[in-house]
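We just call them A, B, C, D and E in the order they show up, numbering each chain from 1.
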Amino acid sequence: AVDWKKFSGQTINVNLVKSPRSETLIKYLSEFESLTGIKVNAEATPEQQQRQKTVIELSTGKPSFDVVHLSYHVQKRQFEKGNWLADISGFLKDPSLTDASLTEKDFAEAGLLFAKDSKGVLRSLPFSVDYWIVYWNKELFEKKGLSYPTTFEELVNAAEKITDPSTNTYGFVARGLKNANTPVWTSFMLGYGAAPINGQGKVDAVSKEAVEAAKLYQRLMTKAAPPGVSGFNWAEAQSAFLQGKIGMWFDGVGFAPPIEDPQKSRVVGKTGYGVMPKGPAAQAAGTFGDGLGVVEASTKKEAAYLFCQWAISHDMGARLLQAGAGVPFRQSILADAKVREGVKMPGAWLDAVAGSGKISKLALPVVIPVTEFRDIYGVALTNMIGGADPATELKNATAQFEPVLARSEG
Amino acid sequence: MAKRLIRRKTLDSLGLLFVAFIMVSPVILFFLWMISLSLKYEIDNGAYPPILFPENVAWSNYLKVFEENNFLLYFWNSVLVTGTATLLALVIGVPSGYGIARLKAEKSAVVIMIARMTPGLSFLIPLFLLFQWTGLIGTLWPQIIIHLVVTVPIVVWIMIGYFETTPMELEEAASIDGATPWQVFRLVALPIAKPGIVVSFILALIFSWNNFVFGIVLANRETRTLPVAVYNMLSFEQVSWGPLAAAALIVTLPVLLLTMFAQKQIVAGLTAGAVKGG
Amino acid sequence: MSIENSVADAKQKRSKPSRLAPNYWPFVLPALLVVSAVIVFPWVFTLWMSVNSWTLGQPRTFIGFANYVRLAQDMRFWESLWHTATYTALSVVLPLFFGTLAALIFDAKFPFRGLLRGVFVMPMMATPVAVALVWTMMFHPQLGVLNYLLSFLGIGPQEWIYNQFTVIPSLVLVETWQWTPLVMLIVLGGLAAVPREPYESAEIDGANAWQKFRYLTMPMIAPFLMIAVIIRSIDAIKSFDIIYAMTQGGPGTASETINIYLYNTAFAYYDIGYGSAMAVVFFFIIIALSFVLLMVRQRANWSDMETK
Amino acid sequence: MATVNIQNIQKNYGAVKVIHGIDIDIADGEFVVLVGPSGCGKSTLLRMIAGLEEVSGGEIHIGSREVSNMPARDRDIAMVFQNYALYPHMTVADNMGFALKLKKVPAAEIQAKVKRAASILGLEALLDRYPKQLSGGQRQRVAMGRAIVRDPQVFLFDEPLSNLDAKLRVQMRGEIKTMHQRIGTTTVYVTHDQVEAMTMADKIVVLHGGFIEQIGAPLELYDRPANIFVAGFIGSPAMNFIDGRVEEGVFRTTKGLILPLPQAVAEKMGGRDLVYGIRPEHIRASTQGIEGRVTLVEGTGSEIFTRLDAHGEDIACLFRERFDVRFGDTVFIEIDPSKVHLFDKQTGRRI
Amino acid sequence: MATVNIQNIQKNYGAVKVIHGIDIDIADGEFVVLVGPSGCGKSTLLRMIAGLEEVSGGEIHIGSREVSNMPARDRDIAMVFQNYALYPHMTVADNMGFALKLKKVPAAEIQAKVKRAASILGLEALLDRYPKQLSGGQRQRVAMGRAIVRDPQVFLFDEPLSNLDAKLRVQMRGEIKTMHQRIGTTTVYVTHDQVEAMTMADKIVVLHGGFIEQIGAPLELYDRPANIFVAGFIGSPAMNFIDGRVEEGVFRTTKGLILPLPQAVAEKMGGRDLVYGIRPEHIRASTQGIEGRVTLVEGTGSEIFTRLDAHGEDIACLFRERFDVRFGDTVFIEIDPSKVHLFDKQTGRRI
C-alpha cells in the first residue's frame, strides 16, 4: 500500500491554472495535507498568465514550483522539448508511491497519448479531459419547432432559423476572438475527417476539408451569430448564452455549472447538452486535456508525485465530475455508478460527456508553436467573420505558419 | 442695474456648471456603473436592458473577493511595495531633483527620462533573470526595485520643477550663515519644497499602486499586488463580473479617495510638475 | 614643455574642483545609480538577445542581425506599426481636444468647481486594469450598457472592441476617457501661467471673446499644448494595460500595437530573441518621436515662458 | 480727441464702497493726472473710464456719448498698463497692429500706421522683436505705440513708469509729455508719484480714500494745498506739520516752541488750535533764530537734507547752501513767514 | 570688525572678463558704498567678498586672514540681499537665530542675542511671525537683524532698498545709517542709486565696466569728479557736457556757443579739445548772458527743471527760484565759472 506519510514534513509548491478544476483541488487541499503531512502551497492563476510564468520559470532551470498544471493541447511539445518534466514511469510502478487502482490502462486513450512523450515515457498524469459539446436552448428550439441537430447541415439550418436580430436572438455562438477561435474550426475539421497537421508533421491546412470546415465556421458566425462575435472569447459567449438569447453555444464541457446556477443564469433547466453532430466524413468530439506533472528540477519529486496522484485519485475525480467542473481521464471513475448518481448536473450533460468520450479526437496539433498556430489561423478565421474568402485566408495563414513551425521543430 | 448684473453672473456660472457637469458625466457614469456591477448578481449584470439598481443587492460579491483570494495579503503587499518604492524614491529622488536643478544638469534628467520612455516590457525578462540569480525572487524586493523605475522619475521630475523655482539667494544666505551644503539642503531647500514633496509622494504612490505589468511576471502567490490580483479574478470557465467589479473597486478606492482628498494639491503639483515634464 | 605636459596641464585646469561652489553631484548620484542600475542591465541584455535566436526552453544561438531582417519582412510587425501610429495619433489628438476644452471650463469660476474637477481627474488615477475590465463589460455588443445608452439616441448597436474597424477607436475612447484629465491639468497650468493683462489690452483693442481665444489664449498656451502632446505621445505609444486587458490585440490583430505584439512574441511565443529586436526598434521609435516632438516644440515656442 | 465727463461716479465691491461719487471734467486735449496714495481708487476709476470695470453708479461721457455701459472695445480709447500688458507671443509690429487687425484694416494700411508710430517712438529697428527681447523702456514705448497707432479719442495710462528705474523714469516722462504735446490727445494718467504728477499734468486730481481732495494745476496744489492731506502729499521732501495754537501774534507749538507767522494771519487766528505747515525747502540756515540739534544729515552734493530736534519738535530742512553739519551739531534756522501754511486742526482744511 | 583688503581681484565668466583687477582698501568700521551702472560688476565683486563667487585672480583679506578660497560659511561675514532672502519657513526669531544655531550656540544665548537685535531694530513684537506676514520694511529689518545677531566682521549689502517704495526707501536708508553709527561694523554696500551712495557712504567706490573709476568721500566725487563718467554719474540731474575748445580765454563749443571759464584755467588750456562740464544746479536764470529756447519744463513746486536749446547745444538747468517759463520761451542764463569742470576730450580725465 501507499506509504502516504513517508514525506511528511516536506513542503511543495503547486502551480495551477485557475479553473473550476483547480478550485476543487484547492478546496480539498487540507485533506491531502492531513493525509500525507506534506505542506502544499498551491496557487491558481489565470490561464494566460500561468502559461507565461511557468514557461519563463521553467526555462531558467530554477522554477519556484514542484508540480505544474499544463494544458496538453498547448504545452505538451514545448515541455517535452525543454525536458522540464520528470520521468514518472518509475513512480507509477512503485507500489509504495502508487495506489494499486491506478494503472496506465485506466486512462482514456487520449489521456495516455497526452501524458507520454514521443519516446513513450510517462511525463505527467492526465488530470481532466475536455470535450467540446453543444449547449442548446430548448425553449428557443421549441418556439421554432426544431429538434437538436444530428448533422452539420441541420446544425446550420437550426441556427439560421432561430436567428432574429429584431429580438436580439441568435442561433449560434462560439469563440470568434483570434487564438481562442482556432479550436472551433479544427473541431469542425474533424467532422470532415481532416487535421491541420498531417501525420508527417507537415501543415495541411489548405486541403478541401479544411476549407469546408472554415466555410462552415464562416457561415455560422456571419449568419447566425450575434454582432461583434469576432471579439468574443468564451466569456462573452457564455454571458450571451446565460441570458437566454442564444440557440446554440459550442464550447468545452466544463462551462456547464454556471448554466444551472440561478444566480448567474436565465436558462436554468432549459438547456440541452448535445454531442457534436455528425460531419460529412465523421462524427468526432474535439478533445483537449490537462495534466499534472512533476518538475524535473524539483528536489521533492516523490512528494510532488504524491500530490499528482492524489489529485487524480478516485475520490477527487468523482468530486470533479459531480460538480460538473471537469471530466476525469480515468475510466473507472466514469464507469462507477455511485459516482454518476452524485453528479449534480443534469443527466443530459453526463450523457453528452459519455457520448463524446466515444468519439473523442485530439483537436489541436501536437507541436511546439501551438500559440502561433492558434494566433495565425485565428486571425484568418476572424477575417472570415469579417467576410474574407476562407481559401485565400487559409493559404495566407499557412504561408505564415510554415516557417514558424520549421523554426521551432528544426 | 446691479441686480441685472448679478443675475447675469449667476446665469453664467450656472451655465458653466452645466457644461462642466456634462464633461464630468462620463466619469460619473462609469464609476456609477462600476459600483452597480459590483453590487449585482451575475444574472443582473448580464441583463439586457441593463439594470442599474438591482432588486437583490449582491454584497456577497465583496465577500467573495475577500474569501476566495488572499485579498488582504495582496492589499498588504501592495502597501509594502508601493510604500517602500515611494519612500525610497523620495529618499533618493528628492536630493537628486535638487542636485539636477542646481547643476542645471539636463543630461542627468534625460537619463532618468529614458527610464520613462523605455517600454516596461523590456525590463521584465532580464530583471526576472537577474532577480533569480540573486535569489530575490519570492520576496517583494524585485517588485519594489522595479517600481522605482516608475516612482523615481516622477519624484525627480516634479522636484526639479520645485527646486528650480526656489530662490538661489535663500541658499546663499544660508551658506553665509555658516551652513554646509548638506545643511543648506536639509534646513532650507527641503522645508521650502515641502508642497512639492507631498505632491510627488502622492503621485508616485498612485502610479506605483496602479502598476500592473511588472506584477504579472515578478509576483507569485505570496508577493502578488492588488492590480494583478484583480486581473486574476478572471477565471477560466466562470464569468464573474460582479466580484470582478467589486475587486476593481476595492483596488481603485484608496486611490480615488486620495485623489478626492488631495485634489487641490495634486492639481497644483501636476500642473506645476507636468509643465516641466516635457 | 612637452605636449603631454600641456595636455596634462589642460586636464588639470579643467578638472580643478571648484572650491567654493557646493558640489551637487552627491545629491544626484544615488538616483542616477539606482535608475541606471535598473535600466542598464536590461538594456544590455535586450541588445544582446536581439542578435540571438532564443526561444525559451531551447538553446540560444548567435545569429547576428537576422532578427532585424526578419522584422523588416514581418508583415504583422508593419501592421502593428500602423496600428500603433493610428492609436497614438488618436490618443493624442482626442485627449488634447477634450482636455483643452475641459481646462478652459475649469479655469473659469463656478459653484462646485473643485469637487467636479476632483471627479474629473479620477480616471487617470484609477487603476488601469480595473478600469479596462469594467469598460470591457460596458462594451459588450449584446448586453453592454453603452449600446443601451446609444439606443436612447436612436443609434443602433455598435460592436465596439468586437469589430476590427471600431476596435481602435473604441480603445482610444477608453484611453481618452482616462487621460483627458492629464491634458486638462497641463493646460490648466498653462492657463494659470498666462498673464491676465493682455486680455485687458485686447478688450480695449476691440477683441471679442472668440478673438481673444483665437489670438491670445491659443498661441499663449501653445507651448503647454506641446508639452501635453509630448507626454501623451510617449504614454500612448507605449499603452499596454488597456489594450492587453480588453482585447489582447484582437479581433484578429486589429488592435495589435507594437507593444502588444512585442508582448505576444516574448511571452506567448517565448521568442525572446525576436522580441528583443522588436523592443530595440520600438525604443528607437519612441526616442525618435520624442526627439522630433522636442524639435517641433522648440520651433513652436514663442518664448521660454514655460521654463521661466 | 474728445472731452471726458465724469459725473457722480461710484464703485462698490460688494458692500465695500471704493469710489464715493466723483465728478471730473476733462477738456479736449487736456493732460489730467490722477494721483493719490496706494489703494485710493485711482486704478479703479481709470478702469471704469476704460470699461474694464463696471460702474456702480453715475455716468461717464466721452465726447457726446454716454459710455457707462458700453463694453471697452466700443469706447474708442487706448490704455497703457503699468506692466505694459504686451502680447508676449507677438512681435512689436504685431503688438502695435493688433487693434487695427481686429478692425479688419487692410494689412498695408496697418503696416503704414505701425511704421509711422514706430518712427515717432524710435522703435523702427525693433519691429521684429518679441517683448521679452526688449528693455523696460523699450517695452514702455511699444505699449505707447500700441496706443498711438489706434488714434483713439482718449489715452489712459495706469502708472506706466513705475516699473522703470529712476533714470529711465525721468527720461520716459519727458517722452510721454513730448508725445502729448505733439499729438494732443486727451489723456488721463494715473500715478502715485507726486513728482510725475507735478511735472506732467495740466491738471492734477488728488484722490484719497475714494474721495477727491483737490483738483487743480500743479503749482496751485503746491502753493495752496486745500488741506493737510494734499499739503503732505504734494512736495518732496514732505511738508513739516506742527501742532499748536496762535498766541500773541506767534505760533506756539504744543511743546512750547515759538514759530513765526505772517502778521495778517496772526491777528485773525488768535487762540485757535491749528496745524502749522512749512516745507523743508522754505527753511533757511542762519546764525540765529530757532535752535535745533541735528539728528540726521543726508547730503547729495547739491542739497543737504537734515532733520532737527528743536525743542522736541522734529523739523525736516532742505538746505541748498553747502555747509558742514554733522550728526549732533547744533544749528540755527529761520522760517520765511510768507511760506507758512495753516490748517484747521479738526477738519484739516486750509485756513 | 575688521579691515577688508582687496588686491588685484579679477573675475571672468568663461572668456568674458567682468572684473579687471581691482584694489580697494577698507578701514575697520568704514562704510563703503559700491556704486555704478547696471552690469558694471558690483554684485559680482560683493559676492566674491562674500565667498559666493570664486575669484579668478587676486586676493581678498578680511582682517589678517586671506579668504579668497575660503567657503562663505567660514568667512565670518553677514549679507543682506536685495529681496532679503528670508527663510520663509522660519519665524522671525528663527530666521535671526539660524546662523547661531548652525554654530551650535546654546539656545538660551541665541534667544538673548536675537532679543537684543530685535530691540535695536524694533522687531520685538514680530518675533513669532513668518516673513510673509511682514511688510516690506519689516522684512528688510529682519534681514538686517539676521546680520546683526551674528556680530560678524563685515556686513555686506546688495541693493537692500531697491524693492521698497520711495518713501520707505528714504526711511530705511536712515535706519541703516543709524545702525552703522551704533554698532560700527565694517560695511560694504552695493547700490546703483547715487543718492543712496551720496547720503550713506564714508567712502564711495565708483565702478564702471569692471574698472574702478574713482574712490573717495561723497563730496569729493561731487566737487572733483575724476572723469566724465563719475561727473555724469554723481549728481542729479546729471551734469551738462559740451564739446569744444578753449580759445581766447573763453570756451567755444563746436557749435559756436561761448561759455565762461575761470581766468586761471583759460590761460593754461588754450587750443586744447576739451569737454566742458557744468551741473544744472550751477546755472542761474538771468536777464542777460546766454540765450536759450526752452524745450522742456518740469516744475515740482520747489524747483524748475528746464532744458534749453542754446545755439544748438542742449543745456539742462535746475532753477530754485520760481519763475514762469513755458515750452518755447526764450530765457537767459548765467554760469558761475568757478563751478565749471573741464575734461580731456580723449581720455575723459578731469583737468
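Everything below uses one rule, namely that a contact is a pair of C-beta atoms (placed from the backbone, for glycine too) under 8 Å apart; a residue touches a chain by one contact, two chains touch by 3 or more.
Here the structure is a predicted model, which is why all the values come from computation and not from measurement.
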Check: Of all chain pairs, which one counts the most C-beta contacts?
Finding: B-C
Note to self: From the centre of chain E, which other chain's Cα mean sits the farthest off?
What the structure shows: A
Item checked: Separation of mean Cα positions, chain E and chain A [Å, integer] -> 93
Margin query: Measuring centre to centre with CA averages, how many angstrom lie between chain B and chain D?
Written below: 56
Note to self: Just the number, please: Cα centre separation of chain A and chain B in whole Å.
What the structure shows: 39
Checklist line | chain D: positions in contact with at least two other chains | finding: none
Checklist line | Interface hub residues of chain B, defined as touching at least two other chains | finding: 46-48, 125, 129, 175, 217, 231, 234, 241
Next item on the list: Would you give the residues of chain A that are in contact with at least 2 other chains, written as numbers and ranges?
Entry: 52, 56, 168, 239-240, 243, 245
Notebook entry, point to check: Taking the complex as given, what residues does chain E use to touch chain B?
Noted result: 50-52, 71-75, 77-79, 81-83, 85-89, 98-99, 102-103, 146, 150
Checklist line | Of chain C, residues touching chain D in the complex | finding: 195, 197-198, 200-208, 211, 215-216, 219-220, 222, 302-303, 305
Item checked: Residue ranges of chain A touching chain B (in the complex, touch as defined) -> 17-20, 23, 41-47, 49, 52-53, 56, 60, 62, 64, 168, 234-235, 238-240, 242-243, 245, 252, 254-255, 257-258, 261-266
Next item on the list: Would you mind writing out the residues of chain D in touch with chain E in their complex?
Entry: 165-166, 170, 173-174, 177-178, 181, 193, 195, 198-200, 218-219, 221-223, 234-237, 279, 281, 296, 298-302, 305, 318, 320, 327
Checklist line | Interface residues, chain B side, partner chain A - complex | finding: 41-43, 46-48, 125, 128-129, 132, 137-138, 216-217, 220-221, 231-232, 234-239, 241
